[in-house]
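Per-chain numbering from 1; labels A, B and C assigned in written order.
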Amino acid sequence: MQKLSLTRLSELFEIIAADRLLYLPVDNSAGQAQYKKWESGVAMSQALNTVRSAKDFFFPQTENIVDFKMAGKNIELFDSRSELENFVIFGVRACDARSFPILDKVFLAEPVDTFYQSRREHGTIITLSCTRPEETCFCSVFGIDPGNPEGDISSWIEDGEIYFEAITKKGTVMLESFRSILEGADEGAVKVQQMRTKEIMAKLPYGSLDLSGFNEDELLEKFNSPKWADLSQSCLGCGTCTFICPTCQCYDICDFDTGHEVKRFRCWDSCMYSDFTKMAHGNPRITQTEKFRQRFMHKLIYFPANNNGEYGCVGCGRCLAKCPVSMNIAKVARALGDE
Amino acid sequence: MQINEKNEFTPNIVAFCCNWCSYAGADLAGNNRLNYPADVKIIRVPCSCRVNPMFILRAFQKGADGVIICGCHPGDCHYTTGNYYARRRLTMLFSMLDFLGIDRGRTRVEWVSAAEGAKFAATMNDFVETVTNLGENKRLGDLRCRK
Amino acid sequence: MQEIMLERAAALLQDGTVNRVFGWQTGTFVYDITPSVFRSADELGHGFVYNDFCGNNLSKYLVRESKKEGKAAVFLKPCDTYSFNQLIKEHRILRGNVYVIGVPCSGKADIEKIKATGISGVTGITSDDENFAVDTIYGSQMVEKNEVLLERCKSCKSKKHVVYDELIGQEGEVQDAGRFDMVEKLEKMTSEERYAFWRGELSRCIRCNACRNVCPACTCEKCVFDNDDSGVAAKASADTFEENMYHIIRAFHVAGRCTDCGECSRVCPQNIPLHLLNRKGIRDINEYFGEFQAGEDSETLSPLTEFTKEDVEPGIVNTKGGM
C-alpha cells in the first residue's frame, strides 16, 4: 500500500493529467457534484456521490455511430469516430465501480460493442472509499463493500492522508507513473476506517433488505403479484431513474438529417417511456404498470437469471433520492419480498 | 454561414410571408425591380398565424442567422383575425428567446401589404444589414447542421 | 392537521360519497412521500401522511383517475387548486367525479436543502412551527424551516384555495410573493450574461422529462417530443441547440396555462431552475396583455387564445431590459 499527504493531491492530479484526461467529481453551481475535467485549481467535491453516474464515460448519452451521404442512388458511409484519448476517472465510489462489470456483461458479450469496448480500454478507474454513507445507500445488500471499492486502483482518505492500492494490471501500470511522490504505508489506518464504515452500514434502513425471494424459481409468482398496480400507481413514467442509474443500459438508435448528410447515432432510452417496446402491431406493455414491473423484474430477476445471480442494481441510492414520487427499487423489493 | 466572393459573411435569412399580403408585396418588389439580397429565402404560408414557434426554432437550427415573419397589417388580415393571434404569440416567443440570451436583432415581425413592394424591399435590406452586423448565429444554431 | 384529514377521508369513504381518496403516502425516511390512492380506512391508517414534505401536486393524477368509476376525493394545497382549475378549464378532469378537500399549507421543505447544510444519514425528522429536528446516524441537528423551504414556496403566491368542495382549517390569504424577482434580475442582465446563465443551467439537462411528466399543463396524449412526425422528437439532447430547444418549446406550450405550481423545479434531478422560464412567460403576459394567472378560475380564456386590436407589437421586446 502507498500513501500521499492530502495537501499534495493536486500534485498527483498534475502528474496524471500531464499525459491523459483526468475527470473527478466537482461541485457545480447547483450545489451538486458532477464529473468534470480536471484543470489546475479545480478541487474535488466532498459530496458522497455525483448525480450522474460514471457510466457516462463508457456509455455516453449520445454517441455518433455512422454518417451517410447520398449521391444520387449511392450511399456513402463515413466513420465519424475520432481517436479516443486515454483518460482517468478519479473518485469513483464502490457502487459505481461495481456497475462497470455489470455493463461489461451486456456490451462486451458477443457481438462486442466496439464503441463501449474502446472506451473501456482507454479508461482507468481510480476508486475512493466511502466514509459517510447516506440513508439512501444499500450497496451492501449486493455484496459491495463501500470500504473496499473495486476498480483499477483503490484509494482511501483517512486522517489527512490518501492511501492507494493497485488492483488490476492496468492499475499497477498507472500507479507506477506517480509512485515517485508516494510513500510506503501499512494498512492500519485503512483497516480502522473499514471497520467504522461497516458499523455505519449496519445502521442503514435498507441495509438488511432481503432479496432471497428474487430468483428464477419465483419469477412467475413475482410477475403476477397484485402489488404491482399499487406500486406503479404514482409513477410518472419520466425516466429519471433510468438515466441516473449506473446500470441501466437501454438505448435507441436514431437518424438525424443535418441537411447535407444523415447522422446515425444512439442515445439513452428508457423502459419507462411510452414508445419503449413499441412494435409494428403496437406496444405489448399497455399501461405504466407493465413498464414499471418490467424495470424491476429485469434488475432483480431476469438479469441475475441470465448472469449467474448478479443483480442489475448496485444500491447506489440515486433513484431513492431523485424519483419525483419517491418510488424506488428498495421499496419495491421490500413490498414484494414480504410475500 | 455563407462567404461571398469578397470573402465576407452573408447571412442566411428565412422570411415567413403570408400568401395574401406580404408574399404579394414581395412579388411587387420583384416586378418593380427593387433590389434586396438573395440571402433572403421566402417561405409562403397562408397566414402569419400559421407560423408555429417551432418553425422559427427549426430555421435557426438548420442554419438561419435571422428569421423574419411578414403578414398583413393588423386589422387587414385576409382571415380577419389571424395576425392578431400571431402578434401576441410572436411577442411571447421573441421575449422568451431574448430571455435565453439570443440576440434580439435576429428575429423580427413586419406588417407588409400587397401594395407595399418598396417597403418589402426596404425591410429586407434593413434586416439583412442588421443580421450581417450581428454575425453568424452561434447561440441558437445546431453544430451538426453546419457544413 | 393530519388527524383531521384522516378522519374526513375515512368518513367520506364510509358514507359512500367517494370510493377512493388521493393523498400522500409515508415512506421510509419521513421525507420520501409517494402520491397514493387509498380505498379504505385501513389503507389510510397504514400510510396516509400530511407533513412538511408533501410537495407533490396531486391534481394531474385526476386526469386519468376522474375518468374511472365512482367519485374520488383529493386533498389539494392552495397552489394545487390552481392546477385543478386549469385542468377543469381544459376539460381534462370531470369535475363531477372529484370531491376536492382544500388543506392549508405553510410551505413545504426541500430535503436537498436540508442536506446541503451538511446533514446526511437521516434516520428521522420531527418538527415544530419553526424548526426541524433531524436525527441522523452521525448525530442530531436542528434546521430552521424557513431556510430549507422549496424554492417555489419561498415565493408563494397565495395561501387561498381557488376551488374546493370542503375546506379544512382557516382560509388563507393571497401573498405578496416577489415571485418575479429573479426573472427581473435576469432581464436586467446583458444578452451575453443571460446566455451564459442559461447555458450553465441547461447544459446539465439530461432530458429525463421529469418536468414534463409532472407538469399539470403537460397532459397531451402524444407529446410533440415523442412524436416522430413533429421533427423535434428526440430522446436525448445531442447538442446545445437541442438542450435549449426542449425548454423553449415546453415553456411556450405551457405559456398562458402555467399555474406556477413549481413542481417542474422540484422534480428536476439536476436542480435546474425551470420555474424561471415559466415565470417569465407569466410576467410577459401580465405586462403585455393584462394581469392574468392561469387557474384562478375555470372560465377565463388564456390570453394567448385572445387578442385586442391595440396589442403591443413584438418589437417592444427590443426596448426592454438589458441589451
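By our rule, a contact is a pair of C-beta atoms (placed from the backbone, for glycine too) under 8 Å apart; a residue touches a chain by one contact, two chains touch by 3 or more.
In this text, all values refer to a predicted model and were calculated from it rather than measured experimentally.
Set against the C-alpha centre of subunit A, every other chain centre is closer than that of B.
Compared on C-beta pairs in contact, A-C and A-B come out with A-C as the pair having more.
Nearest to the common centre of all protein CA atoms is the CA centroid of chain C. Subunit B and subunit C have centres, each the mean of its CA atoms, that are 37 Å apart.
Rounded to a whole number, the gap between the C-alpha centres of subunit A and subunit C is 30 angstrom. The distance from the centre of subunit A to the centre of subunit B, with each centre set as the mean of the Cα atoms, comes to 47 Å. For subunit B, the set of residues touching two or more other chains reads 142, 144.
Each of residues 256 in subunit A touches at least two other chains. The set of subunit C residues that touch two or more partner chains comprises 238. Only residues 53-54, 57-58, 60-61, 74-75, 81, 84-85, 87-105, 107-109, 139-144 of subunit B touch subunit C when the two sit together in their complex. Looking at the complex, you find that subunit C touches subunit B at residues 186-187, 191-199, 224, 230-232, 238-242, 244-245, 248-249, 251-252, 255, 277, 280-281, 284-285, 288-289, 303-309, 311-318, 320-321, 323. Listed in rising order, the residues of subunit A touching subunit C in the complex are 28-32, 34, 48, 51-52, 61-62, 132-136, 200, 203-206, 230, 233-234, 236-240, 243-244, 252, 254, 256, 265, 267-270, 273-275, 320, 322, 324-327, 330-331. Residues of subunit B touching subunit A in their complex: 62-63, 142, 144-145, 147. Per the touch definition, subunit A reaches subunit B in the complex via residues 256, 258-260, 263.
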